[in-house]
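The following block contains the structure, expressed as structure tokens.
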Amino acid sequence: MSTRLDEFQSYRSRLNERIGEIDHLGIKRFFNLDTHAYQDGALPSKTKELLGLVASMVLRCNDCIDYHILQCMEAGWEDAELFDAFNVALVVGGSIVIPHLRHAVETVDLYRQMKSG
Amino acid sequence: MSTRLDEFQSYRSRLNERIGEIDHLGIKRFFNLDTHAYQDGALPSKTKELLGLVASMVLRCNDCIDYHILQCMEAGWEDAELFDAFNVALVVGGSIVIPHLRHAVETVDLYRQMKSG
Amino acid sequence: MSTRLDEFQSYRSRLNERIGEIDHLGIKRFFNLDTHAYQDGALPSKTKELLGLVASMVLRCNDCIDYHILQCMEAGWEDAELFDAFNVALVVGGSIVIPHLRHAVETVDLYRQMKSG
Amino acid sequence: MSTRLDEFQSYRSRLNERIGEIDHLGIKRFFNLDTHAYQDGALPSKTKELLGLVASMVLRCNDCIDYHILQCMEAGWEDAELFDAFNVALVVGGSIVIPHLRHAVETVDLYRQMKSG
Amino acid sequence: MSTRLDEFQSYRSRLNERIGEIDHLGIKRFFNLDTHAYQDGALPSKTKELLGLVASMVLRCNDCIDYHILQCMEAGWEDAELFDAFNVALVVGGSIVIPHLRHAVETVDLYRQMKSG
Amino acid sequence: MSTRLDEFQSYRSRLNERIGEIDHLGIKRFFNLDTHAYQDGALPSKTKELLGLVASMVLRCNDCIDYHILQCMEAGWEDAELFDAFNVALVVGGSIVIPHLRHAVETVDLYRQMKSG
């Protein structure tokens, strides 16, 4: 069982719900736009999730990394493929990405354990 | 004919050559690592180039965007697929990415003209 | 007459039109969202334009700075108020913002000349 | 009662005091400059706090966001006005800002509870 | 005793080991490159560690800051010298660096306590 | 003769003078603070200029890079030492720094030519 991933998911859901209650038209539209950006289009959803993951790594946002790793793993990306994408992010973003690489590798492991647990 | 792309390629080649002359072991190894990061591995080279392009867009580097667009187009990505990747970068990175979206779209057009010219 | 501002406006219009032709639903919606974000709401449009300007300065994007300065000046912000906002951006973002402060001050001057010319 | 805000305030005070003890002239002057940047000038203090908040959101710094939200709420900004400013930050900074939007909305709620508690 | 530094070191070691197990050639080479970048060359290692520290501060990465502070203190930099380097980072990076300045000052203190403890 | 460096110096002087005319107390104090940050203190000025250069490279600001390279070369840093510092910036900041590495190497060459010309 992964406490860290559970807490992230639960915090994320709770606050996203609270943001929904605010009922700000612009914010709601942004959330819709964000969801749509990863759906099948000229590029398949699976590819777009990997793009979102690498973008999150070079911008160094752990919550975004966790979210996109879960999406990528649900979409069927294998560990070796994720690690290869991590490498692109590492080379583009430099050693400042390393703490987020550590976080990302841990998330992949936690997710596999959660699924097999 | 694209003056802008020609000038970029020529400047890039000239300075990369000059950097080679410096003969700094760390810098040379970094350039090798950078080249290798986009070669076929668990992920195909074509996918990795698209990852590099989106990373360049959210980090807002026009020279990197131009380089990766050329690599992506050589690798066979269609315009509609590139635009769909641009959209992911736009949503992740926000309106601050828009000037780089303009630049990227212009580069796609210049490259197609150059190829057909 | 300001060649720099004219060229920026003309380049921006030409490429935005080209982006419109691409007809990507996500990109079109993002542009709409971007426009709506600065319209009167709980905060008046005038205040939002100043928020957009400071955000552009700390994120160090000259094209975004130019765009928001023009919007701010059309909305009625005085030079002294803009300079006071520049100071907030400078303190938050640090000396790395200075080249963009120079650019911003030049844009304010060019715009005043253009209006009085 | 808000444990998170209390801990932040207490940590912030303790370390700022420690930084004062270091007695580095440059650092002390920077802290003064930072304080002065948000005082009434050509723009009123209230407006500048909102500028500081949006700058903090697009630069994605939770501690800075918390600090400026408290300042903004003390200065009299209403929740709806803060959410409208959050929307500008979200559109400028993109989905990478969303985790910080969640944090910011939680801080607004925690602060209101603390005041009414 | 410093719980925070101990936990960081232990987490860092455990995950770096896990990353080693992945056995991705690019990632391994990047880690080597990273290690080599701080070894004696035209510049002595001690100077390079200070460069790495300031780079980490302006890029606002607490884990990187902690790592480089420990390296800098092992290399013999005095507190007053570190604080002077912090000031450069603060001026270049702006008030957004302040939360990381607090973290950095706390790390220096924790490390001195750990050594004398 | 270096047109690029001359134009940069002339533009920088002209706009800094214009910023001085604005006579904004906060901005003037920031410029003073910035100047003082690189003067001899616990660390010698020469070391601080190198810190400022590496900070400018990882934050990817060409004007800041040019300014600090000139300061570093005036302070007596040799080319090989500068290249070793560039390598630290490259490893910390990643391949996104490469266009700025090209710019920096060109600036070093232009400055040497200007001095010997």
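Quick notes on this one:
The first chain written gets the first letter, and so on, giving A, B, C, D, E and F; residue counts start at 1 in each chain.
Note that a residue touches a chain if its C-beta (ideal position, glycine included) is under 8 Å from a C-beta of that chain, and two chains touch if they have at least 3 such contacts.
What you see is a predicted model, and the numbers here were worked out from it, not measured in a lab.
The chain pair with the larger count of C-beta pairs in contact, out of A-D and A-B, is A-B. Note on D-F: its contact pairs, compared by residue number with those of E-F, B-D or A-C, agree for more than half at A-C. Inter-chain centre distance (chain B to chain E, centres taken as mean C-alpha positions): 31 Å. Note on chain placement: the centre of chain B and the centre of chain F lie 27 Å apart, centres being C-alpha means. Centre-to-centre, using mean CA coordinates, chain A is 37 Å away from chain F. Rounded to a whole number, the gap between the C-alpha centres of chain C and chain D is 24 angstrom. Counting partners per residue, chain E has 26, 30, 33-34, 37, 41, 55-56, 58-59, 64, 83-84, 87, 90-93, 95-96 as the residues that reach two or more other chains. On chain C, the positions that touch chain F within their shared complex are 60, 83-84, 86-87, 90-91, 95-96, 98-99, 101-103, 105-106, 109.
Across the complex, chain A meets chain F through its residues 58, 90-97. Those residues of chain D that touch chain E in the shared complex are 11-12, 15-16, 18-19, 22, 24, 26-27, 30, 34, 55-56, 59, 61, 63-64.
The touching residues of chain E, when paired with chain F in their complex, are 33-34, 37-38, 41-43, 47-48, 50-52, 54-56, 58-59, 64, 78, 80-81, 83-85, 87-89, 91-93. The touching residues of chain D, counted against chain F in their complex, run 25-26, 29-30, 33, 36-37, 41.
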